[in-house]
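To keep things simple, chains are lettered A, B, C and D as they appear, and every chain counts its residues starting from 1.
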């Protein structure tokens, strides 16, 4: 680790992106949703550094651009012009016709609320569904994606007890339900479920047995007490709590010169 | 009728084609299966004479060629080259995605066996399914088509008690089942069912109440006794039995010069 | 014999085919000329199958009673479309809560004449609680737990595409749109607005490119998707959309003036699509031809 | 970093990925180079999802235990494919009786990870009696009578297409084939034989034309669909097919010699697809370029 970049030169978003990039494997099909710049950076970094056979999926646009030197970050996924890099394109209705093959697929999800078992909510907040206190944007395709993909990541732009709650008012994705390693299997959900929850403060995973959210590593300079104070439920604490690794100089160089030359991840 | 063409100058197949053509309406979507030259001629004749807005469907190939002077009869439907006339093309899997709109659709079916209620069999003949006496080609798409289309016609190249049987050994389409005007409705089949059964001897329809096959008209020179002798079940006899109308000179001219200049329907 | 009948109508006649209370599905690229004509006519109590800012406009203009949608984000950093959010929070609209797979299946069930289609996405979530039309059931073969999705049946589907011939044979450029063909197959009636009407021979040159065969009606409206994009023709007018989003946000916070001015200027005052384009100006439209 | 991996293999390696007893789906245009290689290898006990004369060849060559098909016509005035008919009548093959809609739905159920899909076509017929895998059931929403179609899960799907890049991005000419994309989505593994391998840039020039993204393996075999057609490349060789049909008819009637000679000459003796084309002769192949 001594060769890694010093933490004071990094933004939490850069640490998040590099952590996620390292966890992605070559040959995976990696799908990025709307307005997720950290995830977009992570996916592109992995593609450039160790994923020459990755398929990048931005909505229906599927691409492999590992042979390009740079992968700039425009207003990308939601914009029709992303198709300039595509090798194929599927319209909405046809995107859900091949879930059989989604064991190769990885995706990322945010949420209005996330609970200790990685269930998420994009529907809204408030006790009465007919008159919600906060009406969310809707589930997009996350219920189907979370059901079938090999694994997925919960990625939050901020870490607060308003988001990380004891119980979601509504569940738009089923992560580990009420807990337990067999929770998904009992419901017949074939996908691997949420693997990590990554925030600007830390990385969390899920206990192997009860699938309760557990602190996995804290970003440089963050204490577990700070994390717990910003979390709306009691986190499981691991026996050993490492610091989230910082990038190697090569990773940071690629991130800043090839993936995010405009420094978006330092200005969030 | 005095202006119609004299029967001795016509083949039964020409009479069949003209009868069918007259029963087709403009704006209908008319689908033709494999190896049905009489039906192909009927559909083209209707298209040229009174169906400028008809859609002709040969497998996935959909066309409107009413503005062409001639419509030759090549080895047509089954041959990929039919697409030269197409306005659109659907591959198999996608042909059954719009059955909601099939109330506009008409199709035609043959059969290894046809029973008194218009049920048909393309599966095979023999008491034991595992070792059939005659193995048929299979149902193609007729079970789905017969379920949903606005109406359909049973068209037979020959009229014999081997084909028109008291009971099909296997039913690949459900026409009027065991009989009765509500037979299809009780099963929830939305389509209008078989309207006519047309053969080289006669036209048959189905009694309005019990939906048993009934003689509708005999072709010129054919007696009802001959028809009954060639039919494997007792036909319902109508109060009045007309002769199947022969073509007008205009119809015959169009048929022989524009639809079937090679005289295929006179050589069957 | 009569000649073959043309399917071409204008946008005023097209919108006149829609009645208060109907279910209207709106494709993407967005058929904005038709959406504006709906607002101009002041249609009410529609059930709208749509996503995004065109949905927001129809709600803000008071046309909508029920929304069938899996996503109503605002874009431009605004997570939820403002009029949708406010109307839903106040209970002024009903939401048929779903997600992409379920919406697709509902349309497919309608197109296939089926009372339901089964789906696994959403099992275990709150979707069947907040949308009681989604029934949890055990499949008849393996006994697995699935959701039964009922048919979604638009009375009318409105789409935008590149070209059509006068007989309704539509060809898209760059893919047939987000979920457009599902909406078309599910609907009783489909109206497609197009950038251009081309010869029947131009369609027949490449019949495999025909995405909709025989649409019920065709409306010729160049720039008809503005302020959204039209694949192969122009890009999205983000400045215009941002202007709408700001106005809709202000209205949702209790200041409706800018939004009223928006609707007056772009929907109510122009009598036709050509009048709308005059309001936008040729200079702005031509700028959208740069990738 | 390693370069991106090529998906190209030859027809011998392709056929080696298939094992006795597997379920193999065969698309149309027919991937005959791969079908011939299956016959050459002498694979046994396959479950074959296919229609028409390629199915008949595989049955006649002794490769098939079970057939999943909605149509096995012979063509050329022969209503039923001869080897199929004889083997079925003798009980030497099992037939999974279905029809187009049901076959499509079975493949779709597999692709969508569902234990069944519902279908109305076939209700009231003998299909659920002669194929007990099709269950009659009442739908959970309206209580209507429907058939539950279980998933059809090919181990391997074999297809023929126009072009691919070396990474398995396939583009068809003239439509993606009869039911090919359903077979591909339903299968564990898909091998596509193509007329030509083109540059990745040629694919990316028109990404909407990509019909299969990332096929598992690509086999480059010009004229690989012969004696069937390849859209945009050549028409069907009817004289050759008629020769096969006559041989198969004779064999079904107890005279197998001509058929044995056919298989020897066209499947067993040629070691590769190029050797097969030598047998056919360039003169014959070029004749098939006339519309």
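Note that in this section contacts are C-beta pairs under 8 Å (C-beta built on N, C-alpha and C of every residue); 3 or more make two chains touch, one makes a residue touch a chain.
Model, not experiment: these values are computed from the prediction.
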| item | value |
| --- | --- |
| Each chain counted as touching chain B and chain D at once | C |
| Shortest contact path, chain C to chain D, counted in steps | 1 |
| Between the pairs A-C and A-D, the one where more C-beta pairs touch | A-C |
| Inter-centroid spacing, chain B versus chain A (mean Cα positions, whole Å) | 59 |
| Whole-Å gap separating chain A and chain C, where each centre is the average of the chain's CA atoms | 30 |
| CA centroid of chain B to CA centroid of chain C, Å | 40 |
| Residues of chain C touching at least two other chains | 108, 112-113, 119-120, 144, 174-175, 208 |
| For chain A, residues contacting two or more additional chains | 83, 89, 96, 99, 148, 190 |
| Pairwise touch network: line, ring, star, complete, or other | other |
| Each pair of chains that touches, named by its two labels | A-C, A-D, B-C, B-D, C-D |
| Interface residues, chain A side, partner chain C - complex | 34-35, 60, 78-81, 83-84, 89, 91-93, 95-96, 99, 123-124, 129-148, 170-174, 177, 187-190 |
| Footprint of chain A on chain D - complex, ascending | 1-5, 108, 110-113, 165, 167, 169, 185-186, 200, 203-204, 207-208, 210, 213-214 |
| Contact footprint of chain C on chain B as seen in their complex | 49-50, 52-53, 55, 61-62, 64, 66-67, 83, 85-89, 96-101, 148, 190 |
| Complex contacts: residues of chain D adjacent to chain B | 69-73, 75, 77, 79-81, 84-85, 88-91, 94, 97-102, 104, 107-108, 119-127, 129-130, 144-145, 174-182, 229, 231, 235-236, 291 |
| Complex contacts: residues of chain C adjacent to chain D | 112-120, 135, 137, 139-142, 144, 146, 148, 150, 174-175, 208 |
